[in-house]
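Shared chain: subunit A. Partners: subunit B in the first complex, subunit C in the second.
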Partner chain A sequence: MYIGGVILFLFATQIASGVLLLLHYQSSAEHAFESVTRIAGEYPYGDLVRGVHFWSGQLLVATLLFQLVLAMLRGTFTAPRELVWVSGVLITTVAAAFAFTGSVLPWTEDAYAQARVGSQMAGYVPVIGGTLLRLLRGGDEITSQTLQKVFGFHVAVLPASFTLLLVLHFYTIRSAPRVTVNVTDDEKIPLYPDFFVRMAAVIVGVLVLVISLATFVARPVGSAADATAASLASARPTWFLLPVHALLKSAPATLLGVDSARFIGGALTGLYLLVAALPFVDKRGSRVTSGITCGALVIAALLMIHALY
Partner chain B sequence: MSNDEKSTSSSGRRDFLGLAIVGTATALGVTAAVPGISFLRPDSRRTIGTASAGKVHDFQVGTGRMVLLDDRPVLVIRLPEGGFRAFLAACTHLGCIVKYSQERNRIECPCHRGVYSIDGGNVSGPPPRPLEALKVEVESGEIIVRST
Partner chain C sequence: MPSIRVIFLAAAATLATQLALAGPAVNPGHPAAGTAGQSALHSAATTKKADEAPPREVSEIDTNTCATCHGSLPETKYSTPAKQFVASVHADDRIGCVGCHKGDPRDPTVRAHDREGGFTPRPSEEGIVAICGGCHSNAPFIRRFNARLRTDQGDLFPLSLHGKLATSGDPNAPTCATCHGTHDVVTVSSLLAPTNPRNVANLCARCHENPELMNKYGLPVNEKAKWQRSAHARALLGGNPQAPSCTGCHGPHSATPPRATTVGRVCGQCHPDQLEAFRQSPHSKAYRRLGLSECVPCHDPHEARRSSWDVNSSEFVCNRCHSKDAAQRQVAAELSQMVSTARGRLVRAKARYDALKAQGINVHGAQYSLDQLDTEQQKLSITLHSLNPSRLRGPLAAVMAAADRSENIIAAAQQERQMRRRGYYVALGLAITLLGLLVAKAVQLTRQRSRSKA
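Let's look at the complex of A and B:
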């Protein structure tokens, strides 16, 4: 319950701060970096708005991932809640796409490298990869067209999808029977005022966290993208893609006779589809799923540490 | 009995109307989706162009330089033993932009630590293929890179 409220609050914060940024941001490759530098340095409270948008976005992805992992550990994804699970996975996917496209928009050197690598990885999705790559890039190469596409996705396609999926998600939650995890009648509280007050306290806590991060963690914009400069050795994707980065970096040229990047792209697509279809694969929410989830968490954490060195 | 008949025929009509609405909506959806998707998906265009990498006398021996050719980054190298080489600078692994390392006399991709020889061959790390070589010509003191 509280997590759902936090997610809604973070999304509302994203919209509010996002609209403010949108009014100053310029989406051409020529002016994007400059406009972000101006937002960060010149406009009153610009850096705060930028920080709030960034951190509430990161927290949104983290909260959604946390909720998915929790459901996998508890086995609460099974029928009749399978649609709750599938819409939850899709919402998390859209949030991740938000974070990725958002990291490309400033068109810094890092952002440019991310656009190159990210669209290439999209090209390795089996069957639809080639179409996906050209659609995302707006052609075969990374150009101003690519930034325009990323911008359109970030401010129109993704927000619309996210809203529709949220509606579907809350609708499926309402129509599916509640899963009560060890709640006795004594522990139940009235919706108003008790629950509202507690929820308000949680949300104020989240707000304080977001504003503190935005105020005290310095996030320099970086340097402008340059198509005629070598990529930076320090370039790293957004935090939740670090395990993938570690895999891509450590893999040999080919795996089982396939280019390693293509192999990893195919394997990740398969893994994603398996997770999305989990309620239909594991119909009882068995211990095996919990065990595999724990193992996957440990591996992901190790890969993240590896990616940072 | 007449009541029964009525309800069957009306449910039949309802089914038909329902089917008609779903069918029409699907047809409209597909009709809109085809031009919509085609609109977003540009045609692959490969133009044969040229780009200048500057004058020969400005280009130090044993250094690399980057130029854009049809939106594509190209790495031009003047070899320590003289002569020029040009490659598409997109790493064959995941498309990061490679660089020429003077002290190690090889080409490196910084993103995932790919290494290529000075001839563009993939030596170590994740790159699966050699870099794509381009033609370099010197025309009246100017270095011209040509896409093939």
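Let's look at the complex of A and C:
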């Protein structure tokens, strides 16, 4: 319950700060970087809004992932909550896409590299990979068209999808009874004032965290994108894609006779589909799922560390 | 097998040209054709003659049939020149192989290689100068290719030390091909050209870093090493094409070291303000009396860079002559004080600006004001060459004013930033207070609940 509230609050923060940024951001390749430096340096409280938007976005992705993992460990994805689970996976996917597209918008050297690495990864998805890559890049290569596409996704396509999925998610929660969480009568508290106050405390706590991060963590804008200067060798994607990045980087050229990038792309796509369809695969929420999840978490953490060093 | 192929190719080429035209005598008007050879280094005469007989036009006869065979010969010593030539700046049917080697390409088997008929397989050093000069000193001919190409090389080269050595028959003396290459000549503006300003130091160093060779002429071998450390090298290789390498000061074809009386003029080409200021300094007259160069006592010509004005440094420029002169040292100390004040202001303003930029803050107008400060600082450096403290006062005041302007802009941005930060702290404080109140309330409610249960 609290996590759901936090997610809603973070999304609301995204919308509020995002609209403020949208008032000043220019999405053309020539002006994007300049407009972001102006937001960060000149407009009153521009850097605060920018920081809040960035950090609440990162926290949103982190919270969603956390909730998914929690549900997998507890086995709360089983019927009659399949749709809750599926919509939750989709929401997390959209949030990740938000974070990716958002990282490209400042059109800095780093953003350019992000766009490159991220869209490349999308290209490794089997069957639809090529289409996906061209859709993201607005062509075969990264151009000013890429920025326009990414901008469109970030401010129109993704917010709309996210909202619709949230509505679906909460609707399915309301219509499906809670199954596994055992709440004894002693632990039951009235919605108002007890639960209300607790939820408010959690949300204000998150707010304090977001403002603190935005205030105390320096996030320089960086330097303008330069297709010729961007050093792609050292380019790293957003944190939640780091495990994938590490896999792609350290894999041999071919795996089982297939180009390793395509192989990993295929395997991960399969894994994603398996996770999305989990309630239909594991109908009881068995311990096996929890065990595999724990193992996957450890492997992902190790890969992340590997990607960083 | 190759010989059969050669004969076949030669026959084919002969047939082709014979069929094409039984034209007039070859090369009637080629500038290099008639006059070359005799007065090799004094090729001014060539120009006149060539004017009378204008260079020939492109026609089918000009097709470079030499390359037909030579391009596919198995011996690289024959084929490489033909292949290189095609990629060179001279690859033009109006020049062709015969432009330099002569001979008659219409009859490849016999007349093309007939030395009696003028064919020159390996031109002598003297011959090379005549061959190159034949076209390159011929302005009407050259302007057909490129109106901006200079045509004074033939006049300048004999005046250079290299040219004089060549005239005296010194086998070490470089001539045209030594620096420009032979079949593979590319335009000087090409980065591939050894004569390109960015490469030319390495080219000169091929001889001028060779101690064995330089000993014969009593010349030093460290000029390139010195130049590498100079401000000129840093500027040129850092992207300023105006900065000089060897040829920038010595001239490409009239290579002659400037003398004490002329070095000021060479430096003054690019540094006129410094020269002007220097000529108003007490040093100007004294140097002339002593026969010293204008710039060299303070700035090494090859390792040219800013002199040190740090009185405490062992490299302090005035110490070179005035280490024991009290009166001069006092003036020097005063000048040094002014210079370090100005440079200190510039360094500090830049550091403040960089620190702000690193925080992601773009300070509007700060870059421009810093550029202005830099300009004023340069003006001060120029006036410094007058070595007159009273003349420096005006420029120093200008530097100070410019530094004040920059620092004000930067300080205003910093202050605004701090004010905004204070706003963030207030917001954060309010949020934390609210959080505290909510937690307290939640705890209170929980206690109430458990008490009522109990």
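Heads up, the rule we're going with is that the second predicted complex is superposed on the first by the 304 of 309 C-alpha atoms of A that agree within 3 Å, B and C clash if a C-alpha of one lies under 4 Å from a C-alpha of the other, contacts with A are read in each partner's own complex, and residues count from 1 in each chain.
Note that contacts are C-beta pairs under 8 Å (C-beta built on N, C-alpha and C of every residue); 3 or more make two chains touch, one makes a residue touch a chain.
A quick note: this is a predicted structure, and the numbers were derived from the prediction, not measured.
Participant: Touch check for A:42: first (subunit B), second (subunit C), both, or neither?
Facilitator: second
Participant: After the superposition on A, what does A:253 contact: first (subunit B), second (subunit C), both or neither?
Facilitator: first
Participant: Looking at the overlay, does A:138 come into contact with subunit B only (first), subunit C only (second), both, or neither?
Facilitator: In the superposition, A:138 touches subunit B alone.
Participant: Should A:215 be classified as contacting the first partner (subunit B), the second (subunit C), both, or neither?
Facilitator: Only subunit C; A:215 stays clear of subunit B.
Participant: Would you pull the subunit A residues touching subunit B in the complex into a rising list?
Facilitator: 113, 116-117, 119-121, 131, 134-135, 138-143, 227-233, 235, 245, 248-249, 251-254, 259-261
Participant: Can you tell me which positions in subunit B touch subunit A when the two form their complex?
Facilitator: 40-42, 44-46, 66-68, 70-73, 89-90, 93-99, 109-113, 122, 125-129
Participant: Quick one: in the complex, what on subunit C touches subunit A?
Facilitator: 358-364, 420-421, 423-425, 427-428, 431-432, 434-435, 438-439, 441-442, 445-446, 449, 453
Participant: Can you check the complex and tell me which residues of subunit A touch subunit C?
Facilitator: The contact residues of subunit A facing subunit C are 37-38, 40-42, 44-45, 47-48, 186, 189, 193-194, 197-198, 200-201, 204-205, 207-208, 211-212, 214-215, 218-221.
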